[in-house]
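First chain written, first letter: the chains are A, B, C and D, and each begins at residue 1.
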Amino acid sequence: MPYATIKIFCGVIATIGLYSVLYKENKFYRFFEHMFLGLAGGWMLVTLWTESLKEAWWDAMWGRVSDGANPVIEQNGNYLWAILLPIGAMGYFVVSKKHAWMSRIPIGIIIGLWSGQQFSAWLKKYGPQLQASMSPIAPTNAESFFRPIPADPADLAEISKYTYGSQAVVNFIALVTLLCVLSYFLFSINFKAKSMNAMTKMGRYLLMIGFGAIFGSTVMMRFSLLIDRMYFIFIEFFKNTLFHIN
Amino acid sequence: MLDLIAQADRPPVVGTQYYDAGKVMMLFTFMIVFFLLLNIFRAGKNKDLYIRRIAGLNAIDEAIGRATEMGKPVLMVPGLGALNAISMQALNIFGYVTRTAARFANPIRLCCGEPAVFTVAQEIIRDVYQSEGVPERYEPDSVRFLSDRQFAFAASVSGIILREQTAATFFMGEFFAESLIFAETANSVGAIQVASSTEITQTPFFIAACDYVLIGEEFYAASAYLTRQPVLVGSLIGQDWTKLAFMLFIVMGTVMNTMQLRSKATEAVDGFGERTPLTEDRLVLPNETTMGRIFGPAKPNPATMKPREADPEAAAPEGGSQ
Amino acid sequence: MFDLLAQVPPKVNFWSAAPNTSALYGKVFLAFMLGVGFVFLCMNLPTRYRRTLISVLTFVAGLFFVLSFVWPKAEGRAPDTLPNGVVESVAWWLQDATGPVSGMTSTLTAFLLGLGAFSMLRVHIGRLVKQQKDWGFSLVLLISMFVMMIIGYWDWRTVNFTMKETNFNNPDNWIGITYAKDLVFDGILQKMDAAMFSIIAFYIMSAAYRAFRIRSVEATVLLVSALIVMMSLLALGDLMSSKFIGMFTHGDKSHFMANFTLSEIYGFIRAAFQTPSIRAIDFGIGVGALAMGLRLWLSLDKTGGTN
Amino acid sequence: MSETVETKSLGEKLLSIPKPVLYLVLILATALPLFFPMALPNEPKDMAVKLNESINALKDGSTVIIQSDWTESTRGESRGQMDILLRMLMRKNIKFAICSAADPQAPEVFRNLVLQLNKERKAKGEREYEKWNDWVELGFYPSGEALGQGIAANIRDAFGGKRDAPPGGQDRPVFESPVLKDIQKVDDLGMYFVVTGTKSIIIAIERFSDRVAMGGMVTGVMGPETSNYFYSGQLKGLSSGLKGVYDMCSLEERDHPGTTMLKREEQYILSLHAAIFLLIIAVVVGNVGVFLTRRSK
């Protein structure tokens, strides 16, 4: 049996094994679940060295020499990286009753590094989003209410410069949606006014429209993955490999 | 710190080679930080602050109560995200859940998919049992690391739900595609599910399949709501101020943009912030409005930069490709 | 200090040493011992200093990125030139050190991975030894874990070291171990990933059947907008609607009715509701994360049992 | 769920379809159309049109970076995305460098695809895309944030340590290759593409979308979130989900017939229609069931 056939056969069996949970939890599924977890765990321990530590830590610590005919030092060893090993190892104290607090040290450093990045990440992410929320709510071109369809594609750039009436209306609704939904997330303000209460309630409905739209487009992707698996089982395996129909 | 901003603030003249990092937006960020810190310190004095009702959080006690009645375990999953604010927040909420469960001597299962999160989770959960005075009820195997691989994790959590017939499940944190696998599996064994994902794309699935869902920032409000710690409540008020400032800023920006984009331009502004009088008749362009300049700050003109000296210590050509 | 983290390649300074020299070996050893010393120091640290120590370390770790955020950025930097003045030197240093400093997170997380593996082994070896229920499956797990580990490292060693000259990217050159790795990794593990991912489609089906009920305004709104989006994203639904609308417009794209095709309606839903509502939730989440980040950075939060 | 009655009314029957039956019908609905392919008519979306235009506007022989963050698990959508992107780039003789930030396996999946495309090109008598001269590998980066930050700060540092080899030659630093030798900073790139099923595209956008034209090819689930960045101008074009692949293929097929995998995508699209149709029926059946039981009470 050629290797390709064995490989695809294993894949199909594993797929069916995991699908069997749809009928009910059974031994077949349990077998593949544990195998899955084991393989993933083993792979994790492989990539731990080969993908994470080898280059970013080990090579950085010992430096690197190119292995051409005339070796050139590419990178000097930053010996201080050696400190990271004992610091990382402090995480393991979590299993000790007495010194469990020490696991907080590597964790504290990771958290600190993450938190420090938030300021610039925040600005880079939300700055443009804020700007995009400030579209004009009155037309800058009153020649037509709807955005005209250009007869010549070259006119598109000119048309794109303006906001037409219909776009202004959409921009206005978008602004209202944004404000209503934001007001839904105001937690500490006790709205006495009915109008504000209506606004937060409206915010929740508008949110649901948005969620519905996300659901709709997400569903497509999930189904396409299923279709791909069906393609794998029925076309790649049964049709092309097992029965050699092309 | 302030004179640093002043440095960035200098107009791009000869000799200045600092990229203007968007000083207004940077100030805006500092304003948020100020709002948060101010309210955190303010809240320390005023204990009685209002937080609106969050339905999903009131359900926590009910869910644990039911699990106790049935004698089945409570399952908690802090998502697959790395160790950051989201997973820390999830663990804070789980600390509360565990405390309630510990009082009822209800077994718990906390499944992690990230080693750093797993480390913190172990420490927090053990701490909770200790502070409740029942350290003997803490089983080390109740906090588990399953896999850092998304779908191996999903398969394993499903297996645990189905085999142990969990009665209450809490999915909080960064969930991705696996969200619906968990939610539907938990539903099939009749568990009460309280869920929250900071991933907006997953929220609709949780809404469809779970009993209670915390949407968006409700997740961050949760620990303030549950514990009423002054620091958390203060921070929440600071967050509200920030959102109000956003709303104001957006409305202001919209009005300004609307007015400015409808008016005739008198001068053109290029990417280096240099202005030239206009001869043609045209409207103001988006990058020339006040808001456009705030969000797209001018870059220094390379033509006017002070040249830099060559590095005498620079390596030989083949090593120069740094 | 400036060259500590900025790994400027060929320069040797106090913070680095040339590879394969006894100076480097000695210094690595010293640094390692320094770390070990720190561990022992912590083990004997009085309880009242613990919190402070963690807070200080967290703060210092975060300070780097906060500094890079507020410090003026150097523009137009070319290789092999010297910075103009102190402000620019600092900016360059910050820029150079960003990579190594961000790398610290993944290095530390990688060290903690062993703890995860330890947890797995403890649970499953325990089950095996005590012959608890399902111990056979624990055995399956342990065997597949070790098999994968051995094959994985062996393959890595073969490809990167022992048979470095062979181009294994070309399947014609494969040998036994490459086949074995391809089978367990690509043939099984990856296929299992894909199977689990696609299983979601079934759950969507059952969730839609069981939970998508018109029982409240909210649920109805969600359902209707989901249906419109699904229809408009389908090539056929999109086309059918434009054919239907075409009966009114007779091909005139600027006709008023031309705005009512499904894809136009979805475009409207997206621009008017979906985008701004996602944005609003996102703003909230972003502010929440920033607030939490600030509290964590300054150690203002009390977590776990201490609250 | 409902109390057991001796004979079930129609409404109750509609509400008590066993899940396995539902699942079986779904399997049939998605598998059968694969055996009976049929082309469905289609109209490309503007996001895909813009992406097509941006790629076509790239200068022949320029360099782009592709961040390939997909593996087997999102193959259904991402393979089609990457396939059409590579075909377009290869047609225009554009050099590309490839990196990944989401999954260590991504480089291999990508490599296999290039291998397959080269085989096809050889069979057609076209020039094969050569490693080192036409494309290089920049490898895998465990942290998308660090990669993005690094690229924005100094692309030469971010990828400086990476090496690749010309066919049959020694490993050399990638920046010596014809692909990257003229790239000093991220701004010098023709475009930066992200093909992904995760948030990695947003991380990249956050870090350097102001410096280089970015194109996105994402799975359907990331589509709505990512489309915000298309409308705010941070992305020059976006292909989202299976429909995006179908659009891109149709657009390319329109200008250069017979050069894409349009046939396979047609089968996928047909199955997708069947599945969505079934989903809608399931929702309707559930609701009619509730309506009927309520009325009979």
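In this text, a contact is a pair of C-beta atoms (placed from the backbone, for glycine too) under 8 Å apart; a residue touches a chain by one contact, two chains touch by 3 or more.
Given the structure is predicted, the values throughout are model-derived calculations rather than measurements.
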(request) Figure out the least number of contact steps between subunit C and subunit D, where 1 means they touch directly. (result) 1
(message) Among all chains, whose Cα centre is located farthest from the one for subunit B?
(response) D
(request) Name the most central chain, where centre means the mean of Cα atoms. (result) A
(message) For the interfaces A-C and A-D, which has the higher count of C-beta pairs in contact?
(response) A-C
(message) Please tell me the distance, in whole Å, between the geometric centres of subunit A and subunit C computed from their C-alpha atoms.
(response) 8
(message) With centres defined as the mean C-alpha position, give me the subunit A-subunit D separation in Å.
(response) 14
(message) Averaging over Cα atoms per chain, report the distance between subunit B and subunit C in Å.
(response) 14
(message) Between subunit B and subunit D, what distance separates the C-alpha centroids? Give it in angstrom.
(response) 27
(request) Give the residues of subunit D that touch two or more other chains, as numbers and ranges in rising order. (result) 19, 23, 26, 30, 73-76, 142, 145, 149, 156-157, 160, 173, 220-221, 224-225, 228, 231, 241, 243, 272, 275-276, 279
(message) By the touch rule stated above, which residues of subunit C touch at least two different other chains?
(response) 9-11, 69, 78-79, 102-103, 105-106, 108-109, 112-117, 120, 134, 185-186, 191-202, 204, 206, 208, 210, 212, 222-223, 226-227, 230, 233, 270-271, 274-275, 278-279, 281-284, 289-290, 293-294, 296
(message) Two or more other chains touching the same residue: where does that happen in subunit B?
(response) 26, 33, 82-85, 88, 116, 119-120, 123, 126, 140, 146, 148-152, 155, 163, 177, 200-201, 203-205, 207-208, 215-217, 221, 236, 239, 243, 246, 319, 321-322
(message) Show me the residue ranges of subunit B that touch subunit A in the complex, using the header's touch definition.
(response) 22, 25-26, 29, 33, 49-52, 54, 82-85, 88, 116, 119-120, 122-123, 126, 140, 146-149, 151-152, 155-156, 158-159, 162-163, 177, 200-201, 203-205, 207-208, 215-218, 221, 224-225, 233, 236-237, 239-240, 243-244, 246-247, 249-251, 253-254, 256-258, 261-262, 283, 285, 291-292, 295, 318-319
(message) Under the stated contact criterion, what part of subunit D meets subunit A in this complex?
(response) 19-20, 23, 26-27, 30-31, 34-35, 73-77, 104, 140, 142, 145, 149, 161, 170-173, 202, 206-207, 209, 219-221, 223-225, 228-229, 231-234, 240-243, 267-268, 271-272, 275-276, 279
(message) If we count contacts the way the header does, which residues on subunit D are in touch with subunit C in the complex?
(response) 17, 19, 22-23, 26, 30, 40-43, 45, 71-76, 105, 108, 111, 115, 142-143, 145-146, 149-150, 153-154, 156-158, 160, 184, 220, 224-225, 227-228, 231, 241, 243, 246, 269, 272-273, 275-276, 278-280, 282-283, 285-287, 290
(message) Which stretch or stretches of subunit B touch subunit C in the complex?
(response) 1, 4-5, 7-8, 15, 17-19, 21, 26, 32-33, 36-37, 40, 82-86, 88-89, 91-92, 95, 112, 114-116, 118-120, 123-132, 140-141, 143-146, 148-152, 154-155, 163, 177, 180-181, 183-185, 187, 198, 200, 203-205, 207-209, 215-217, 219-221, 227, 229, 231-232, 235-236, 238-239, 242-243, 246, 299-300, 302, 305-306, 308-311, 313-315, 319-322
(request) Enumerate the contact residues on subunit C facing subunit B in the complex. (result) 8-11, 69-76, 78-84, 87-88, 91, 105, 108-109, 112-117, 119-120, 122-123, 126, 134, 192-193, 195-197, 199-200, 203-204, 206-208, 210-212, 222, 226, 278, 281-285, 287-296, 300-307
